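Can you read through this structure? Questions will come right after.
All chains are identified by letter, namely A, B, C, D and E, in their written order; residue positions are counted from 1 within each chain.
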Amino acid sequence: MHGLDLLSWILWMPIIGVLGVLFLPKDNAKAIKTWALVNTIITFALTLVLYSKFDPTVSGMQHAFNVRIPWIPQFHIYYALGVDGISLPMILLTGLLFMLCILSSWTQIKKSLKAYFALLLLLESTVFGVFMSLDFFLFYVYWEVMLLPMFFLIGVWGGENREYAAVKFFLYTFFGSLLMLVGIVALYFATNQSPDSFNILALQGGKFTTQTLSLFGTTVSFSKLFFIFMFIGFAIKVPVFPFHTWLPHAHVQAPTAISVILAGVLLKMGTYGFLRIAFPIFPDSAKYFASAIAWLGLINVIYGALCAMAQTDVKKLIAYSSVSHMGFVMLGLSAMTIQGVNGAVLQMFNHGTSTAMMFFLIGIIYERSHHRWIVRPDGSKGFGGLYTQLPIYSIVFIIGMFASMGLPGMSGFISEALIFLGMYEKFTTITVLALFGLLIGAAYLLWMFKRMFFGEVNPEVKEYTDMTKLEITYMIPLCVAVIVFGIYPSPILNIMKASVGQLVSLLATF
Amino acid sequence: MDYTLSTVAPVVLLPFFAFVINAFIVKKFTKLAVAVSTGAIFVSFLYALRIFLDFLNVYSVGYNIHKTFTWFDLSTGSSIFKVNMGIYIDNMTSVMLLMVTGAATIIHIFSTWYMHDDPRFGRFFVYLSLFTSAMLGLVLSDNLLSVFIFWELMGFCSYSLIGFYYEKEGAGNASLKAFMTTRVGDVFFLLGILALWSVVGNVSFVDIYNAIGAGKFNNLYALGIPLATFAGFSIFMGTMGKSAQVPLQVWLPDAMWGPTPCSALIHAATMVAAGVYLSLRMYPLMELGHLLPFIAIIGAITAFGAATIALVQTDIKAVLAYSTISQLGYMVIGIGVGSYNASFMHLITHAVFKACLFLSAGSVIHSIHCQEMPQMGGLRKKLPYTFFAMLLCCFAIAGVPFFSGFVSKDRILGDALVMALAHPVYIPVALLGFAGAFLTAFYMFRMLFLTFFGEPRDHHIYEHAHHEHLGWNSNIPLLILSVFTLGLFYSGSFTGQGEVNLFGTKNEWFSTLIHRPDSNSLHHFAEYKSEEFGLVDTRDKVELPRAHFDESHGMSEKEAHHVHQIHKAGALASIFIAFMGIFLAYSMYVKRSIYPGWWTSTFSGWTRALKNKYYFDDLYVKKIIQGLLLPFNNLLAWFDMGIYDKYAVDGWEAVNRFAFNVSRWFDNNIIDSGMVDGTGASVNLMNAILRWIQSGKIQLYFVVLIVVLASYIWTIHI
Amino acid sequence: MFSNTLFMLSAALTLGGAFAVVYSQNLMHACIYLLASLFGVAGLYACIGADFLAATQLVVYAGGVVILMLFAIMLTGGTGNKINRYGLEKVAAMGNKKTYFTAGFAAVVTSLIILKIIASVLRAQPSKELAANQVTVEKLGTLLATDHILAFEISSVMLLGALVGAAIISRPRKEKHD
Amino acid sequence: MYLNYLANIARYIPELILVALMAGLLILETTYREDEKNKKYIFIGGLIGLVVALASLVANFSGKSETIFSQSMIIDPFSTLMKIIMVLGTIGVFYLSRISKDIYESLKTEFIVMAVGILIGGMILASANNMLMIYIGVETLSILSYVMASFKKNDERSSEAGLKYALYGGLSAGIMLFGMSHIFGVLGTIQFSGMAVNLLKLNQAQMLILMPSFILFFVGIGYKIAAVPFHMWSPDVYEGSPTPVTAFFAIVPKIAGISALARIGFIFFTAATPMRASWILLLMAVASLTMTVGNVTAIGQKSVKRMLAYSSISHAGIMLCGLVVINDIGVRAITFYGITYLFMTLVAFYIVSIVQDKYGNDHFDRFTGLAYRYPFMAVVMTIVMFSLTGLPPLAGFVAKFNIINALLNSHFYTLAIILALNSVVSAYYYLKIVRLMTLKQQESNEVIEGFGFLNQFIIIVMTAPILVLGVFWENIMMLANGAKIFFQ
Amino acid sequence: MINLGSYLIISFALFICGILVMVARKNIIAILLGIELILNASALNFVAYTKFMNNNLDGHIMSLFIIVTAAAEAAVGLGIVIRFFQLRESIHIDDAATLQN
């Protein structure tokens, strides 16, 4: 098909939305919102079309969708897009969450609507770009451009300490991505600037196992050094301990929709980076560092969970829980077995839905209470008796909470179980320790739930109203997702398994 | 009978659909929702009954249905990974199914009366339906993973039902405690599953048995422990959590915050029993892992310890809760001493009489709106049917002959005695078991006497108590259940010794059909075939040999005789003990010839310990959680944000500023003051500051330029 | 012989002038010493046949730079008050022990650099016959008008700019803030 | 026969135009009365002259590389491109000086004359092919710069800046000359072509003289591009000078110095002599120091102008990284960097200047809430700041990418990592402005007169290349690729 | 006696004197004197090298231009000094230190 193909449509549709928002009059809030919503719905519909046309038996990139147009021929840089089983779940998730985020922002955002929706749509496009790029340069561009809207979305529409959080988020990520940039360019020369130097697919397969370079007078393995570089770049995004501290700040300060995007999609970009780039390009080093990654993942799980338990701000608690849950993804990746990696990818998707639910819910209550204290700094209860006052909200909260906890029958369980199954034989000790992460994970969520929802109704809480129709509307798809994929994960697993299998068999040969 | 999707699945799916439907309609159509739930479980009961009758009809030890379907499949290329789900029905399952659906039906019916005035009447049934379907799913599961899934779902329902009265702070605490405590066990259970999966390749029961039979576990180690022990222990930890064994027993008494029918169903009859069911299923693994003595001791400690605590409880439900823990302890002893079918039988009998006890207690509570026994008394006249049902149940639990409790508990104790005589390690087990039996009889009758006998202690309450009338959903269920406390339903005889046949029940059908899958008999699992789940039964309908009762249980005649003798002695002892207990209770609380206060004041230290439940709660909550975990968490969180983030991460900015300041300070102080001014040693401070302000910057620049240049030239050689 | 004598005299004048510039405590004197030193340099030029340069040195420095400096000194030291309105001394002292110490340090460091170069130069110096001194004016003239005509032109730009600039900067007119 | 020194004078037309322009403007200025306001013909004339020069430069670009004036000058695509950048920068600064209040109305004409003079010096430096031209170029740049720095005649700080600049420049020029004299002594010529030939014949002892001399020589150019540790004048001068002058200093002398340095590197250090290694070592040390010191010091600044001064130091350091690799890729990278740097610096200074004119100072606080008053300007400033940080898809990123590219191509991993880390540090203070503009609520609704429609339009037009070059950099890259250094 | 060594040493001495003056003096005009000394040192080198090393008159040309630029620089420098004096009424170098971090 000449002209734009499906992937490009998905990629550029939000940009059309951005332009539309920019041309709409500033005062017509409703038109802006509606336009943004329609745009995201179309985008999501396009991702569903992509899903329907996807051939789950193909292990590599789906040739039907591949795009490869020269961009900077001199450097062999292409506008190359593609989709495979690892990226498709992420694309679907992105399309879904952004659509819901527009709805969630409907009433919550009151300041500079126009800029907000323009930036949100821009963010959507960049996220798609990251998940679709097959050209390293393009990938990097999207990876970095993503920072811009995020910076402003946190910084302008965030909480009281938003600037600090935004700057921190920016600098952290920027630091990591610059190391990645060095890695990208190094790869460019390691392939002797061949026409495939920036082609992510062509770089894959462990072509750099024997190369070395000298750094500070010592000989270093090329593969190991740049694996570490890429690892740091992606690990910051995940975030892997000890690069995690931007996350609580960013989450707490960001407005609801942005927290959702951040936790739901952006964190996945890090692990997606491992799957798409770091592991396939440096499989030997990935193997070499597997146990280190596993230990880091374990630290993430336990450390994040323990820190979450100590939080008195519910959003911060969920932020730390993201640290913990992404630790499971890292564990799954480090296992490098089909169970583990499939589990990790599934966990990426599931965490995207469940944590999005949690952040939406916190946003909903925040809109009513304008605080998020479980326990106020003076020791009194911040909430209490929400269950009595807001029954629908509570039930949705329970669903989200248990999905996040990994209750069987909810989506989180399957992925966590697969991850554990995948890693048990390789890292028994780590598995045993990581299991306690599940325990603590349940503890902090339930404890939080108990303190917020049980007991007598606080006088303040009496004034809260239950979820509005709009809020229910955007929670329903997520509720459905966490339950349906908990019972029947095959729709997601089927599309990813071939691609994951390919990756695992590649790793197995090293 | 054909086992197809349409004949088996409804057992689980009907309550589940009821749950799904009710979840949406409950708010508007409460009555309809209740009807749907109750109807669903009743139909489900009929299906279960049909299955049970089929099994009873075939009457074969080897009869089983194993059907699987692929849940999801991750296989690509050469690597195979598949997760199968399926059903596995054997004799044990069919009995369990019948028990669960039966108890659930009765409790549903009872709840329509008991919960009627509750504002969340409908929602209760939603949870109940979900719970029932989860429990049935667990029972039907063919593998540990799905057991785990349903196990956790039940945990969730239990959590929700304990926290049913969410306005109460205590309910929140209790539900949290219940979920977290069982979660400790669950985590280990999951670990066990992982360990088994690594050996077997999946976790279906049959494959695990086969693997054990084929010796696949030999010479395998996990973390330096033999793998069988490791996995067995992990799974048994699951049992300990769910079945409230020491030291994870703390949650069950608190679980009484839930509505009484839910206590009856979940915390007495089914969910807590699921733990024991799991260990029974994994019996070969426990045996292989040499865990039996450990299990027996845990069970004995639980059985005795809980019984002692029950002595001092004044809350009627608390007594029942501790008695549940204690009885679960007996089941675990049964596993530990190899008394497989007695243990299972106790599971069933206990389910029945304990459900009945709870419902009776519920009836009492509903009638007087009070749970404290010291305020009751004399209710016999006002609640005759309840009293009757409770009396039968108390006989059963106390181990009075002809009642179901006697049949099952006696066999466990008998086997414990056999084992104690053979291995000294079991001696404390037997001793604690018998002592516990004595206490059981005592405290159950204490409860009964305090409630129904004597004079009303609180007249106000007594006056307001409703007179009981026979009602289809109020006390008929109790009576139905109380009928099934008779031992003959289980043993086919009154005494449990297999001598009298009645009503055409098969001779000792329970003992005949439920067979211990021990290492000797595992080989026949290799012949078990599994089929794809479908709408048609493709099973090869082979004629199975009908089972016959083997009095010697496969032992040689001499051994059997020896065992029989010991059993007989044990039975006599336990009968004696039961009556002793009842008599003691009678003399204390009815005749008042022994003054209980003397005991409590004489053993005041003990009493205090008992009242505080041996300080387990204190240890867990105050010491471990509040004393260790939370401070550690706070420390960690403080470290994360206060130290790590502040200094290590934001520190780079500080480092930059520091570098900036150092360079400035260096310019101003070292070069300027130090080298320019510092030469004049007598420069006073004021002068220094003045000069510092009016520093000859440009010349400083010159000096720096020259010095750097020199350093370049002297370091950069060609 | 003459050239040797001239060299000796010039060198002495150069170095003496330079040292005097360093230690003189009077700015006016220092300026005159500088002139002497520059004269000495002109003599040194003359010794090795750079006749045109020597002449230029005399003309430009004696006639231009030093006079300019003297003017500047007079312009800045003129009025009777030694203290300005900020309470600062108008014409600074030439320096003190401390500054000389620092300067000495700088000088030592500099000499480390230069000695390194000079030592190598002298070590690598080829011994070859010196050509007789010739008149350089014509050659220089030719070079300036041919090979280095561009430098010649650009220096005119530079001088023009410097002229205009110096005029702009030092025009005593106070500008209005606008 | 002597006339062959004038051969190819046609290639020299751009500079000639500018010389004529300078003289012409001076004459034109004399026709005005002293107190006449708005001498716009000078401005228009200057603009026309620059545009003509630009046109002739563009025409020159595709011509073949050759030396003119008896090898005093090289006209090659590289120098032509660098000159184009300088001329563009000058044009930009012209307009800025026109609208700025930082330069007295009566001195605006002189500013233009001086700027043209400096531009000539810079262009000479960019294509200098002997030491004399280098020296004359540097001096022309410097001496006129001293004047420019003290252009705010009634401001003590301005004249202090000029003073510091003059003194520091004097010392640097002296040191440079001292180095040059020894180089001349060893190599026996001042022509680069001859020097390059003689260089290969040297023995070890002579090399030993040459390397320190080259370092001394380096000082003269290093101080012009404000390379650490020869940078110390620059923050003071940048802060003290009027803002248009600062903008001018941040562009023309830097670009000129970089191109001279690139040429020197190419001519003397392409061959694998022992000196090459030490030259590279020198440049590496200087480049990493320049980046680091520039960035670290920029963090602590309160004045935006001073911050930009330090930031321009660090950018010079990045360009120096491109010089470390003495090959075409490095040259291409710095050429591209120069182009983007030009636009980024211009836009930044335009906005700073306009804000400063309004409030009388340029503290960071003055930018607070700008996004709510002048969204376009805030967006533009944000784009520039992110581009300076090196964020795709902006030109600054592509420029940095090319530098890293050049570094890694020659396996300078350490330097590449230092560059990357420095970018993070720089992000911090660039973000500070963005943060203040967008994240903080506005303090007032004051109208900033400078942001009229025309000025906004011009600023946006100047920002366009930053965006376009970030995405469609192919063509400019080809251009930069063609701009190879030529030497005989 | 008239050889390269002596010339180099003279120029070396001039250079050092220049540095000493530039660093030690507190008077701005005096510092300008130092610059002249340094420039002369370099110019002398050029001439000396022309004579003793290579007989290339380009060295003379360099010297010539050094003299020229020195003059121009002195003119501009003194102009700035005078302007500074007019504003500040001081030619103390320490008074020219208001611009700092």
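The rule is simple: contacts are C-beta pairs under 8 Å (C-beta built on N, C-alpha and C of every residue); 3 or more make two chains touch, one makes a residue touch a chain.
Keep in mind it's a predicted model, so treat the numbers as computed, not measured.
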Shortest path length from subunit C to subunit E (each step joins two touching chains): 1
Set of chains adjacent to subunit B and to subunit E: C, D
Chain at the geometric heart of the assembly (C-alpha centres): A
D-E or C-D - the one linked by more C-beta pairs in contact: D-E
CA centroid of subunit B to CA centroid of subunit C, Å: 99
Distance from subunit C to subunit A - Cα centre to Cα centre, in angstrom: 69
For subunit B paired with subunit D, centre-to-centre distance based on mean C-alpha positions, whole Å: 76
Separation of mean Cα positions, subunit D and subunit A [Å, integer]: 43
Overlap residues in subunit E, where contacts from two or more other chains coincide: 15, 18-19, 22-23, 26, 28, 31-32, 43, 48, 53, 58, 61, 65, 69, 72-73, 76, 79-81, 83, 88, 93-97, 99-101
Residues of subunit A touching at least two other chains: none
Multi-chain contact residues (two or more partners), subunit C: 99, 102, 106, 110, 113-114, 116, 121, 148, 151, 155, 158, 162, 165-166, 169
All chain pairs that touch each other: A-B, A-D, B-C, B-D, B-E, C-D, C-E, D-E
Footprint of subunit D on subunit B - complex, ascending: 652-653, 656-657, 659-661, 663-664, 697-698, 701-702, 704-705, 708-709, 712-713, 716-718
Subunit B partner contacts - residues on subunit D that touch it in the complex: 163-164, 167-168, 171-172, 175, 207-208, 210-212, 215-216, 219, 229-230, 232-233, 236, 274-275, 277-278, 281-282, 285, 293, 295-297, 299-300, 425, 428
Interfacial residue positions of subunit D with respect to subunit A in the complex: 386, 389-393, 397, 401, 404-405, 408-409, 411, 413-414, 416-417, 420-421, 423-424, 427-428, 431, 434-435, 438-440, 473-474, 477-478, 481
Residue ranges of subunit E touching subunit B (in the complex, touch as defined): 19, 22-23, 26, 31, 93-97, 99-101
Contacting residues of subunit C [partner subunit B, same complex]: 97-99, 101-102, 105-106, 109-110, 112-113, 116
